[in-house]
Amino acid sequence: MSSVIVAGLVSGSIYALIASGLSLVWGALGVFNFAHGALLMAGAFVAWFVSDPAGLDLGLTAGVLTSMIFMIAAGGVLYVLLVRPWLGKPAAELTVIMTTVAGAMFLENLALYTFGARLKALDQVVTGTVSVAGTAMQAQNLLVIVLAPVLLGGLALFLKLSKHGLAIRAIAQNDEAARLLGIRIERTYFLTFAVSALLAGVAGVMIGGLFNITPSMGSDPLLRAFLVVVFGGLGSLPGTVIAAYLIGLIEAASSYYIGIYWTPVVLFSVLILVLLVRPNGLLGRAP
Amino acid sequence: MTNSDTILAVKGLGKSFGSLVAVDDVSFTIRRGEILGIAGPNGAGKTTLFNLLSRNPIVADRGHVIFDGQRIDRLSPHRIFRAGLARTFQKETAFFKLTVAENVRLGAVYGAGLRGAAANAAVNAALEMLELTPLKHQEAGALTVYGTKRLMIASAMVASPKLLLMDEPASGLNTIEQAELKTLILRLRDQGTSILLIEHILPLLFGVSERVMVMDFGRKLTEGSPAEIARDPRVIDAYLGGVNSESAHAA
Amino acid sequence: MSLPSTPLRLAAAVVVLLLAILLPFVVTGGAAKNLVVLALLFAVVASNWDLTLGYAGIFNFAHVAFFGIAGYVSAIATIYFGLPVWLDIALAVAVVAVLAGVTAALALRLRGIYVALVTFAFVQLCVALIISQKWLTGGAVGLVGVPDLALFGHRLSPSGPDYLILAELLLIASTVFLRFLVRSDFGLSIVALRDNEAYAVARGISATRQRVLAMVASSLFTAAAGAVYAHYLIVASPDVFSFSLTTLILSMVLLGGGATIYGPIMAAIALTVVTEQLAGFGVVRFMIIAVLIVLTLRFLPGGLWSLGERLTVLRRNSKQGIGA
Amino acid sequence: MQLEVESLRTGYGRIEVLHGVSLFVNAGEAVGLFGPNGHGKTTLLRAISGLLPAAQGTIRFDGRNIANGSADAIVEAGIIHVAQASALFPRMTVFEALTLGAYRKAAWPHRKATLEKVFAIFPRLAERRSQNCRTLSGGERQMAAIGVGLMAMPRLLMLDEPTLGLAPKIRQELARQIGLVAQTGTSLVVVDQDVDLLLGLCERLYLIENGMVALEINDRSELQHQDIVQRYFGTAA
């Protein structure tokens, strides 16, 4: 029982970080970034390359910090190359899906080309096991469970209190009114992508510490994030986060009680049910 | 209750968006073969009223709509058109990548259920009526503003609607085109189509309507002949604010 | 929707037909033939996807799953139930058509991007399902042993020209079907819905009905191609559902040009051949293709087909002395 | 002259809405614009604030041509446009929206002091500070929209139909509050249908008709009510 909850909270934390980045970009720009999973993978690879003895061997702290800086830049570059040229053009939504799919293809194969297909693992930030309320768990799991809400809380504060965080929300809610306040749309879009990529990078480092690092490691979490977003509705941070933890827990419970092979069936059924009952997402707003 | 003389009867229609009541308990009727004008300041709820009547893209919270003796406030929007209630849109609207004839053909095939030669004949007749025949093979995107407006009307008329809702047909037209439009509206009416007309250009609206309904704050303010409406101090207030109502009375 | 003039089109048709007749005689080498069979089958998949993605403007990402599921239906029907060949293809088409209809009816309750997300999730869950239900599907290895097709007692031989001819016939039939469809009133109606739904509905077009029909129509030849593909490879494999195949076929639709039918067909053939030519580059070829996709979308938004159209227009203009 | 618009032509797509508008605003002055709907008042404000490119003509602010400048550069110059019936930011609190109003570089460091001034003019916003904008009544929304505009410490504030759809009582309250804004020395351009309200607030009025300035009124006694009714309603009146 308690191990199910731990597993659910760990997945939920990771999904929440991934999905909130997707949701943020969707809210502000109205496009969906299919390369988000590949960004996550890139973040994990950079951290691995900088920290691992097989790479630069600079230690985990340097690896994680480099990865975070890299992610901010990568998000910005991705925006400039794969999103900005098509914004405001007809069928921008569809075209950006394509360009970001192509971007994901590029990044994944670049990783494959550069680092090979052999599995890699990132050192854990903390090692050993700890016991919380009578439940033993890997310390890294606990770190993920604690760190994700802290980061999401930080994101919420950034969006509520800072000038640029407010600007991101303003563009999402009424971009004309935002322009009339002097908000630089372009710069804010860039920032939104950078923040979103940073969150993906954190998720990548977390996954890298718990599981393996591979060029395709981003696609499964991205798929779960899709489910989360369908569940929670796009554009509302609390809805996305709640849905992420729900999916994480459902997945963990079904793997434990029904069997891991049936988890896709369970998720599938849940998805269809949501579509039938609440087409705007379980927690989503009517358009 | 409607008698056979009434083409449309609207009772207690209402719609709210959050705390804002966009259309508030609006009731009115249109007689067969009549042009009923709708006037009112910006944001009075006129276009919202059209959206509710055609259930496209929003549906009413309250009230009912009886069209040609049949309740239509539960029908899906494409069935409302098939039932004979057609609307136009305020913005320039067309299937811009299709040809003029193809635009009209869709109304004939999917609205009136026509096929083959019957559809072709209906399309040609509608194009002729709206003076679009020479342009029939052009892409709709190449039309002028007035051309697009006529195409929008043609794609409705091809299904011989009993009632046509026109949303600001004169916006963006020059004065010559406005004069042509006026003749056109009257001609449509003379051919037996009842018309519900929203128009900001009041001289045009007053010039063609038998009766005019004025809306303000989502409500029906008043209704009467154009001459009565133009003299009504409440209407003048609605447009100009609380200006010198006395001098208006004196006039 | 400008197309070349009628005599030009007729000439093109004759050339294509001649090529089709010559192809089985020219391409005889094993590897080359295999490549052409794949290219032709992918052309069927890509051009049918164009119906929903390009013409109807539905963000449907489930299309490649129709191709894959048809293969599994064929494999299961023949291997477990001993259904005669050909009949299994018909069954696959029927099952996939129903599935496409149900998927469409469910997914189209949503709008825009949500359709993309749900259909994408649908594909990924299909593959998860297939891999997890090993007893039926053979799991990650796939279901091996799909029998060869046979005609009048003659087994279609994978080494001879048989499958090449079959793939050609399939592509020709599919293309005739698609062209007929998009030029019909039905075709006009889905384009109308794509370009302005509120207006289309206000002219009597049922949005749900037409879009579900479009999804079903696009699934028919896709499913047939999927079943033939399984027979040809004698295996139904979960690889078909992979992200990279989806991306590859998607890029065929886009590089060829949406809403043209012919564009995706040409791009499918070109891209299959180019991918093969780049095989020496290993994984770098996918990076090259990714860059090509982005550059095409940037500088040729209408795809390769629009390049052809532009050239036609240019030539026509220069003939009339306008372009000079 | 603080703002000077000269022979401005612009519109949407193929439709030209303004056919050569010329007008000016002096520093510290309040100017009213009125006229029938759909004749270009909002379009004019959109062109000045950089939402809409000018096809022809000039817009000078402090002598510098700002026509076709970007919206953010125009805000930085000090022109703030409060859009019509603004829903503002539905899922932001009043406080957040007001804070964001000070986004302009010159205004951001002073946002706390400006907020106090805004609350002094619109005490109701102080009461509603932690409510979402979506839940505000029509009158409160207008106050919030104007308050957000004031947070930018504008040199010229343009209000588009601030009293649209409001009941007479709230209209009066709002008119008084806009009067308070005018007293702070901020130049004002007010678009409204309520000519009485404009007469009470503004030194000068322009009648915009058919995308042109049809009349400039420097003295309220010049305003012939009957003439205006005639223009709005045509010969039927």
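The first chain written gets the first letter, and so on, giving A, B, C and D; residue counts start at 1 in each chain.
Throughout what follows, a contact is a pair of C-beta atoms (placed from the backbone, for glycine too) under 8 Å apart; a residue touches a chain by one contact, two chains touch by 3 or more.
For reference, the UniProt names are A, C = Branched-chain amino acid ABC transporter permease; B, D = ABC transporter ATP-binding protein.
Only a predicted model underlies this, so the values are computations on that prediction, with no experimental measurement involved.
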item: Chain pair with more C-beta contacts, A-C versus A-D; value: A-C
item: Per Cα centroids, the chain farthest from chain B; value: A
item: Chain centre separation in whole Å, for chain D relative to chain C (CA means); value: 55
item: Chain A and chain D: spacing of chain centres that average the CA atoms, whole Å; value: 42
item: Cα-centroid distance, chain A relative to chain C, in whole angstrom; value: 32
item: Approximate Å spacing (C-alpha centroids) for the pair chain A, chain B; value: 49
item: For chain D, residues that touch 2 or more chains besides their own; value: none
item: Overall pattern in which the protein chains touch one another (line/ring/star/complete/other); value: ring
item: Chain-chain contacts as defined at top; value: A-C, A-D, B-C, B-D
item: Chain B partner contacts - residues on chain C that touch it in the complex; value: 1, 185, 188-189, 191-192, 195-196, 198-207
item: Residue numbers on chain B that touch chain D, as the complex places them; value: 18-20, 41-43, 92, 144-145, 168, 171-172, 200-203, 206-207, 217, 226-227, 230-231, 236, 239-244, 247-248, 251
item: Chain A residues touching chain C - in the complex, by the definition given at the top; value: 26, 32, 81-82, 85-86, 89, 91, 93-95, 97-99, 101-106, 108-110, 112-113, 216, 219, 223, 226-227, 229-230, 234, 260-265, 267-268, 271-272, 275-276, 279, 281, 287
item: Complex interface listing, chain D residues touching chain A; value: 49-51, 71-72, 74-76, 80-83, 86-92, 96, 99-101, 103-104, 108, 148, 152
item: List of chain C residues in touch with chain A within their complex; value: 53, 57, 59, 106-107, 109-114, 116-118, 120-121, 124-125, 128-129, 132-134, 243-244, 247, 250-251, 254, 282-284, 286-287, 289-291, 293-294, 297-298, 301
